[in-house]
Amino acid sequence: MKLAELTWPEVDALDRSTVVVIATGSIEQHGAHLPLATDSLLVTSVMEAVEARLSEKILLTPTVWLGASGHHLAFAGSLSASFEGYEDSLIQIVENFHAHGFHKFYIVNGHGGNTEPNGIVCRKLKSRHPEIVIGHSGYFAFLTQATYDAILTGSIKGIRHACEAETSLMMHLHPHLVRLEKRRDDGLEVDPPVPGMVFFFDECTEAGSFGDATHASANKGKVLFDEAVEGLTQALSSLSHGISLQGR
Amino acid sequence: MKLAELTWPEVDALDRSTVVVIATGSIEQHGAHLPLATDSLLVTSVMEAVEARLSEKILLTPTVWLGASGHHLAFAGSLSASFEGYEDSLIQIVENFHAHGFHKFYIVNGHGGNTEPNGIVCRKLKSRHPEIVIGHSGYFAFLTQATYDAILTGSIKGIRHACEAETSLMMHLHPHLVRLEKRRDDGLEVDPPVPGMVFFFDECTEAGSFGDATHASANKGKVLFDEAVEGLTQALSSLSHGISLQGR
Amino acid sequence: MKLAELTWPEVDALDRSTVVVIATGSIEQHGAHLPLATDSLLVTSVMEAVEARLSEKILLTPTVWLGASGHHLAFAGSLSASFEGYEDSLIQIVENFHAHGFHKFYIVNGHGGNTEPNGIVCRKLKSRHPEIVIGHSGYFAFLTQATYDAILTGSIKGIRHACEAETSLMMHLHPHLVRLEKRRDDGLEVDPPVPGMVFFFDECTEAGSFGDATHASANKGKVLFDEAVEGLTQALSSLSHGISLQGR
Amino acid sequence: MKLAELTWPEVDALDRSTVVVIATGSIEQHGAHLPLATDSLLVTSVMEAVEARLSEKILLTPTVWLGASGHHLAFAGSLSASFEGYEDSLIQIVENFHAHGFHKFYIVNGHGGNTEPNGIVCRKLKSRHPEIVIGHSGYFAFLTQATYDAILTGSIKGIRHACEAETSLMMHLHPHLVRLEKRRDDGLEVDPPVPGMVFFFDECTEAGSFGDATHASANKGKVLFDEAVEGLTQALSSLSHGISLQGR
Amino acid sequence: MKLAELTWPEVDALDRSTVVVIATGSIEQHGAHLPLATDSLLVTSVMEAVEARLSEKILLTPTVWLGASGHHLAFAGSLSASFEGYEDSLIQIVENFHAHGFHKFYIVNGHGGNTEPNGIVCRKLKSRHPEIVIGHSGYFAFLTQATYDAILTGSIKGIRHACEAETSLMMHLHPHLVRLEKRRDDGLEVDPPVPGMVFFFDECTEAGSFGDATHASANKGKVLFDEAVEGLTQALSSLSHGISLQGR
Amino acid sequence: MKLAELTWPEVDALDRSTVVVIATGSIEQHGAHLPLATDSLLVTSVMEAVEARLSEKILLTPTVWLGASGHHLAFAGSLSASFEGYEDSLIQIVENFHAHGFHKFYIVNGHGGNTEPNGIVCRKLKSRHPEIVIGHSGYFAFLTQATYDAILTGSIKGIRHACEAETSLMMHLHPHLVRLEKRRDDGLEVDPPVPGMVFFFDECTEAGSFGDATHASANKGKVLFDEAVEGLTQALSSLSHGISLQGR
């Protein structure tokens, strides 16, 4: 179910083992060919498809569209929450639902920059409310290397930023928002010789994109989308039924 | 223009006197007949209509849908930001745009509970950046008493919460989300004998609504909607052209 | 009773339905004719008169004299709390009294800039302690338009800042602190064409005052003072006896 | 000069080497014989006497009456700021004056519990604004052991809390607020065998007072008062003229 | 060089391109056979060995031993910083060095729970000081799967918590602190069927350890240690010489 | 016992009346002759000696080496926590142990700049957990004036900063870290004519040291060390057995 469309008595009537799912995205530059809302749009599309399959088992909130995007702020139009404000938003949402009696939560992320704060949010909430079940993952965590290898034809076999994979997803899901003619192959290597260096996007890309966007296609996007939807559907279904730490 | 759909070079090409407009809503109970997202939906609809008229003059962000709704949390499904987190979100958005070179900002609100923090946000930002032009108002501030008196047939001649006016707006804009048969006339007096008392909704209404929702109609909603859109269009147009403190 | 003058066993002996009243003011510029403490002095005088009438029913704290006055800081001598610090002060006071067993609270304000944070303070406290009864209002909220219209002879029929009304109150209550010869008629219009714009005082007044201070008189001040005292006396008496949300 | 009574143009006309002096007190239990405001009343009286002697050299703010009194909260009517809020208030006041062009600051304290946060406030401000001259001290730091030994007849030769010295000061300055018949000799030893233990008042005194209040007299109070006023007058006069770290 | 042992003129004489290295550990349960300081001891030993090789190129701070260990707090003796406090400590250290003129920073981590906040620290610092070069990594990130596969004989081919690898490192570096007879093979599977679930250690292990500690040996520890030291030496040497985002 | 070396079951087996002792130091300039870690080294040495005598009665944490040293930051290599971060670290440590069932705490300080925040930490903790027993003191508080007078031959009969006393302690405990030839007699008077002025070290000493370091000797250091160890041993032993507010 979609929270936004329900009335309060309808929420009140729900089984409290329903999994509350929060999608997190961003408004940040995605090169010259993709719109600022790309991450928010993709994670929303994925989760709406999952919700359509699992509507009795999950309760989907609106997408948190203001992400942790400080590394993109050199590009016009990019927005970023503070880490504190971003974390607080998610914490409030979960704690509100906890007060309403829910105890299963999952954060589905569409923007790499949110991964660290999403993890910290889960840990803070677990410390305060040890009885809750909570986890987080990117929708892209459900895309497999096998699929990347099988379908991507550019040099990068994975998902980066405004790259072949992400552009393909947008061409499948929101084709009218893709400036096809603005796509370009940046051919950027993004791993520096020292692991864990923190670079901002304006330090390493002039256009704001990584990878070979000209290789993107709606068909490739459909394959990626379907895999993400399928993976998340299975994961959230498991979570709905109750997971255990088997063998422990 | 809608920020979400633009690319960063397109934002970068904008005239920096464009007015950045942020709509603020809520996810909170609206009685048994209106969905939780009512405030967010209404302010978004209003602002999209204004944007359609002023697309060269304003830059509209996505709606901040997590509002300051602590007074509704006793009703299932209601969410509330902390005041700190809510204020921080708006401050970050404005400061990001300020860093991108913009200097005119207007916050359009769809939820009464956001009015005080919206005011404080503007004052904090003005203290830090005295050169910016900033203001805030509810879309409902553009509805006139004359119109309320002329069209509302229930006992309350104004806009409250899930009332005749708000229900009418939803029937005009999002009819499929109104549970018509759940509407009821609460007939509640909401002014206590001492001014300024702070009551929470569960203290004064069982259903979560005020006023005479059965009097609502799509036609009334259209009148209210058009007046709000017209008023905001004029105000934002003025702001775009530059306002002065005339006569001072 | 005045808290400052009591001993702890005397407070301990009080009926816990006594209304704790906190007056809030400011230290901020009030033009060239009124002292920086004007708001604090006025609200203190009003509340001391109310306390004299209701001494068994209310417990009056010292006046919180450091208000939210960021919009006046361009004028020498003006002070402003941070919003966070200001709110925290009020919250601590209420929570201390709550720990002492009191549960009725009312904040009486003497400075318009405190209105928004006073409201937020009440809402935060109500969220944490739903059982308390709390409200806030300016002393000026008890002044009626009828009175303004009847006695004010300048162009502004209301209370602004260092204006005819405020100057009159000071001439009635603290005449030795009014620099009569420095009064001036600013004749400023303060409503911009767009509602809700946030201006700082140095943007719209050179002297720091609004309105026609030369029209002020001690007699007018007495009328305004008596009306505020009478209104607050009735309101706090009602609160002391217990208010209900009648008809709900 | 007293800030509260000045207008902004009068402050603006001041020599910026004027020393801004902030007095800090408390509202906290002082046994059954002294009022809750004792600390605030005493430091205010001392500073008003100093200001009368040095009116051209210092600018005295209103007394910060909400102190750090968590250790007294078990006694009804006692109030305490949070440490954060207390520090923030002082920091804002100093930073406001710094923005107005002043650069010499001195905090005069009337409540032992404020000593630590006053020190931290000075250090935080000095870190942010290395060019300012700032210090803090209790008015009681100007009372000498020689005087205590010469005039106090009870068992404690110093100033504690609601003790012979403090009661004497109140009998000299605010005799109508002293409940003479409620004074008692607590005869409490307050030093535990391990240095630095932090005890709260309800752990070690039933009445809230230390020492031999029945020995107090207005005459003793006058001696103590005069010594504090004289010491502070000299110190602030030195500060006004400029101090150096001689011999360094 | 080791910061702790230098005098300030010696630090002042350093080349400002020296890499400031901060090691981060924890005090948290490591099963019944390893001491609470295990993570801090290991990362310190690794970094001291690296410092011995690169003493002219890096400046090593004392180890930050209070980590983000909320997930271990159910076990006696475990300590955890708040995320805010932990991040603040690292931020202050880097900003202090930045004020001293240094601009290259690397955080070497010994505790998995610190990885997310270390990343956020780097991003916050980079946002405030875009000109700095900063990165972070676990010492364990320099251990290769090939090595794990070659030397580990238990069921887990990697490093977990108080496992074969970590116990081996302790047996090599701090043998007197290993309670050999308390080692046990927990045989725990730690991956739940849903990715990204956040579990606390008391939810999934009674003893606090994962893996097959009885397989541990000092020889295995030496191999792992040498690989980590070698990897970090190369990485920090590269960083000292200056890294670029080649090919971009 | 030393916390760092224990396993969690060993901590779990402890008597909960064991006194948890936290040592606090700094990394800050100590003139040209002493290392930056001087304060941390000294307090650690003192406490390790005390722990050796009282190992069954106290549980010693690692030394908190990042102190409140903002007043030294003008000298290269000096580090300082924020006050907030410093306080938070200590509060977390105590609250973690409180959750583990311990209730007696003592903070032993090696750096004067930590004294105020250590006091505030104790008061905050006592407010939150009134049942705990907590105190704080510098190791130097156990050094007596009689001893200073008897053994110090320089002009300052007490402990200052990188002075005769502190240098002597280092020569006794860590002779290899003392640059003997860099010692110098600064002959600085450190008390300004106005009490309580807050000066930073770069305002009053070029070298960073106070006093007559050339008078220092290992023998003097041994006397001071033994007195501190003896005093703390007695104090912590008393605390372990239970102190009362006798005679009250």
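Letters A, B, C, D, E and F name the chains as they come in the text, with residue numbers starting at 1 for each one.
Basically, a residue touches a chain if its C-beta (ideal position, glycine included) is under 8 Å from a C-beta of that chain, and two chains touch if they have at least 3 such contacts.
Quick caveat: nothing in here was measured; it's all calculated off a predicted structure.
S.K.: Hopping along touching chains only, can you work out the least number of steps from chain E to chain F?
M.R.: The fewest touching-chain steps linking chain E to chain F number 1.
S.K.: If you fit chain D onto chain F using the CA atoms, what's the rotation angle, as a multiple of 5 degrees?
M.R.: So the copies are related by a turn of 180 degrees.
S.K.: Tell me which chain's centre, taken as the mean of its C-alpha atoms, is farthest from chain E.
M.R.: C
S.K.: So chain B and chain C: same face meeting same face, with over half the numbers shared, or different?
M.R.: Looking at both copies, the contact residues mostly coincide.
S.K.: Compared with chain D, which chain's mean CA position is the farthest off?
M.R.: Chain A.
S.K.: Determine the centre-to-centre distance between chain B and chain F, using the mean Cα coordinates as centres, and give it in whole Å.
M.R.: Each chain reduced to its C-alpha mean, chain B and chain F end up 56 Å apart.
S.K.: From the mean C-alpha coordinate of chain B to that of chain D, what's the distance rounded to whole Å?
M.R.: The separation of the two C-alpha centroids amounts to 49 Å.
S.K.: How far is the middle of chain C from the middle of chain D, if each middle is the mean of its Cα atoms, in Å?
M.R.: Chain C and chain D have C-alpha centres separated by 28 Å.
S.K.: Where in chain B do residues touch at least two different other chains?
M.R.: 73, in rising order.
S.K.: Connecting every touching chain pair, does the picture come out as line, ring, star, complete or other?
M.R.: ring
S.K.: How would you write out the ring of chains in order, opening with chain E and then chain F?
M.R.: Order around the closed ring, chain E first, chain F second: E, F, D, C, B, A.
S.K.: Name, in rising order, each residue of chain D that touches chain C in their complex.
M.R.: Within the complex, chain D contacts chain C at residues 3-12, 14, 27, 29-37, 40-41, 61-62, 64-66, 73, 75-82, 84-85, 88-89, 92-93, 96-97, 99-101, 177, 179, 182, 208.
S.K.: Which of the residues in chain C come into contact with chain B in the complex?
M.R.: These residues of chain C touch chain B: 68, 70-71, 73, 83, 106, 113, 116-117, 119-120, 122-124, 126-127, 130, 133-137, 141-142, 187-190, 192-200, 203-205, 235-236, 238-239, 243-248.
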